[in-house]
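One structure is given here, and the rest of the page talks about it.
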């Protein structure tokens, strides 16, 4: 056991995977000498060398496209996109190729790769540095999307993501990078993809969250008998765990950082409305950021879900 | 009144807008001499000249990015992306700039532009030629997304889209381009953005669809008292019309071509589950394509929603 | 304004076999007669396949198909110059490459009939499934070249694209990365003068595509793309250089798309008959035939035999493709990811 | 292999004012003393602003800020060479351009404090809000140049980007389109040798950025980016050419990022003190001062006066920015689109 923050936990996971499997290659902008702008790849360059920790030119499409070609050859590329706001140029390669090469070639070629990127707001950052557009990737068949909520979980999920035979978008909540410290077991452990986690059991309402909103959710549920689910894998998400909980509590509040319109909360709600409708005692409430263009820091606190809004939503469902 | 198919109706709308306003410029690949691969811009090049009907190099990012710069200068660019499968490279410009320049500059600069692209399957096309990824764009605050379901509506919506002060993604169902012929009024009329259309009234179930699925839906509702809604504007969609109908019927079936996971159907369902829950008599059912990588023509018919699947869903809701 | 000169560059072109079938011996690659005949046989086979594909599409037995007529020298010459260990990345218009590399003809038919199984490339072939989004395959080849270099394998990547593809950002990002990492890769542009209706001179203002290599710090060269010897020689040299650690090369094959863009296109809407006539005289197969005839390698009887053999092979492939079992709808699910999601497991029960 | 030569190209460089402040009269642009003093005054003002921004960030009164130290000549020299009618497209590291164009200093502070209102560019200024996604502004400038050409206005677009930006596909697609349409546009690359921790030579294998213009069929030139006269002259010439219908130009300003990448960066992790020292001697303001002193235009008293004036202006701006009313949360809604959606109309009631 060692206490570490999420940056350290992710760094350790990368280190262990690179020790374990020499096909694992890290590439991206400033991942080498600089150790990444958040230092997640700190020390890897000096330890594994420039061949395995590759500083690339500034070209997101090319970086992700190259990862597809590396993976097809048998390597395990772990790409770092410096911020989620800069992943958009790579969507063509992600959606048209990484997600489809297995189907296109009927299994001859696969894209076993990971794309890591800092994700989410709450850090008073510049424009394009607080994006939460996970739903863009959740809707791509063939892709997996993962979001850790603590150092221990981050390490276990990253191990699983790197060992997964298919492409994984690994979203790292910037706000949690250094906020939470936690005991992380030294032993090699994984957190399986596709499984959600019940953070606390409860009987009156199910609250689903992930990433940095989980922590805000935990602050909000005090005084309620709320069952809190940390989704962890956003796509494909763990329908069974969510539905089981909802069937038990009959009430649902979903919390996320993205605006409501076509966010992942919509999918959760729709799945519940289709398969657990008869167990519902109250409307399904989403607590999300407002449906506006992501503001700069001065307005960010108004934009993001607050403890007050989450509590109000819970109280509202409890009135039924 | 003249009878025309959707290609002709769209062509006429473009022609009228270009006559009306010399700031309207059409640009894209093969939109000039060739008149577009589906001939939607047929004749515009010879009539308005190469300055207003611009054949661009093969560069989707650059084309859409250039449209943002043109719009900022005061022109009204109407971009054609040859197929929706090739719009992904332009998402960076759409999401990072077209959708945000108004907010970023607090109104000094806007991106009043239209991006037209053939959309959807059912035409036995090549890979990447049958995409239905509308939800990617629906979740971007600042963007509008529109899908016509008939020639008359196509013309009216395109007029509105071109005159809209904000960026609009205009999705043209390839399958409907030449399938339906309809009387199209000669007079200048518009179909407003943001408003849905009740195609037929009914009392037992509300069925929401758009694009080419509307036509399939109409074939499916025979024998039921179904209220059919053609959404037309997918984002921001007409919540009032949808909720009003659901409150009346108490049952909902949503039909779309995209896979279910994080499709627009999820948002419709979630909005209903939040604001009309107490009126619901049955689970909200989505009839969508399967959650798999879009197949090639030989498997396409298995993939897309069928009349049988739609009818089954309706019958299912009616059992409650 | 007078300034100091930092650098000077030249753009070169290679021609070996002219339209009359006359060879420049000083430049010709040394090829055994059997290799020459292989080039000819494959060219005839490729064109026979291509014409059959077009007529099958007309009969509604194939989907949209992009003809390679006129590109046989560029595709077969380059594919034959590559070794087994090399990795090839074709565009959607590369029947000639797949045929030269030995992908069963029936699979190519099967693919164009709308069946993914046609692109389930055999494990023995290092060729990617064709890429439809223009230019996007360039990045894949770059990544594979990075992997080849990392593994220190004796191989190179060879990626195909067109004049239109050279306008995409993928081209730039890929060539730039290849230059920075000195990768074992060959970028082969078939400049066939058209991108659907957009002529080469509206695609870019540079005099040649070859000179774009100057922007990336490595060598670019234009070759007569209808001259199979020039294509073969330049490709072989570039791949050898790559495998010796000499880094990337850009080759512009200056050629012509003799047919419509695809079976759904009508090129007469945007280009003249004269232009097509002019290029007919430059047909890559014609000049190869003239040369081999002069060389006495091509008796009339043999020509008929090759035609017949090709027709038989294509007939055979067509039959095989058409009587193949239709694909199983469950394949949609089983090939989307390595394992089924909860939702997919529920949905697959519909079949 | 011998080949015929199709084209030859040269890459040139312009230097006018050297590190010692010595001027090459034969090349110097003709500038009135008042213009020379304006260049100096603005350089001092820009550096004063820049240093203030850095310290305000350290005090937690601004967010992350990217210093322009060392880039004053490239930014001010080029901005002053542009006319009112020209349209400028800055990157995130362009305080000098905004200052030279006259954007109120308090607005620049306001923006970096996290308030969109700081980028509500006055209607009288044809300058875009800064672009953070690297390279993406290039396409906007190209589109504006297309619009300028369509409207036959006497104006040109001037777009800024860095050595890192030159690796993005946006660069390629933008320059290629500009070449094809012969647009009135100037692509100005501030090659400051670093893209965060990635040195210029790992960004691209080409000897210069200037030579990348060869790929697009128009002129490229490298200038000493720390030489405000070279920058001014080359920019003025390129914009004139553009407005006369002469098409695009690429200018590489060879310069150096003297500070950390941003206030959240620590450049000592990846570059040496020696390198920084070497470039300190080339400081663009230093050599301008030396020149003006020799010319007798810069008395010590005046230098102090300029410093004082700049400090006063920056104090003033900081005060104004800091006592501005906080933004109204409803602005999030009112500026997302021209009108509120049903959902937004419901949500805005929360405020």
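First chain written, first letter: the chains are A, B, C and D, and each begins at residue 1.
Definition applied: contacts are C-beta pairs under 8 Å (C-beta built on N, C-alpha and C of every residue); 3 or more make two chains touch, one makes a residue touch a chain.
Being a predicted model, the structure only gives us computed values, none of them experimental.
Number of steps on the shortest path from subunit A to subunit B, with steps defined by chain touch: 1.
Interface comparison, A-D versus B-D: the higher count of C-beta contacts falls to B-D.
Subunit B and subunit C have centres, each the mean of its CA atoms, that are 36 Å apart.
The distance from the centre of subunit C to the centre of subunit D, each centre being the mean of the chain's C-alpha atoms, comes to 43 Å. Rounded to whole angstrom, the centroid-to-centroid distance between subunit B and subunit D, based on C-alpha atoms, equals 40 Å. In subunit B, the residues touching two or more other chains are 57, 59, 61-62, 85, 88-89, 92, 96, 102-104, 127-128, 141-142, 236, 260-261, 291-293, 295. Within subunit C, the positions touching two or more other chains are listed as 116, 133, 167-170, 172-173, 176, 180, 202-204, 331-332, 335-336, 341, 343-344.
Contact topology of the protein chains: fully connected, every pair of chains touching.
Looking at the complex, you find that subunit D touches subunit A at residues 63-64, 92, 111, 113-116, 132-135, 164-165, 167-169, 195-198, 202-204, 264-265, 269-270, 326-327, 329, 331-333, 335-336, 341, 343-344, 347, 350-351.
Listing the residues of subunit A that touch subunit D in their complex gives 29-30, 32-35, 37, 55, 57-62, 85-86, 88-89, 124-129, 260-261, 290-293, 295-300, 302-303.
On subunit B, the positions that touch subunit D within their shared complex are 25, 51-52, 54, 56-57, 59, 61-62, 64-75, 77, 89, 92-93, 96-97, 101-110, 141-142, 144, 164-166, 194, 236, 238-240.
For subunit B in complex with subunit A, the residues that touch the partner chain are 61, 85, 88-89, 91-92, 95-96, 99-100, 102-104, 127-128, 133, 135-136, 138-139, 141-142, 235-236, 258-275, 277-278, 280, 282-286, 291-295.
On subunit C, the positions that touch subunit D within their shared complex are 1-15, 26-27, 167-173, 176, 179-180, 182, 202-208, 210-212, 214-218, 221-222, 233-234, 237.
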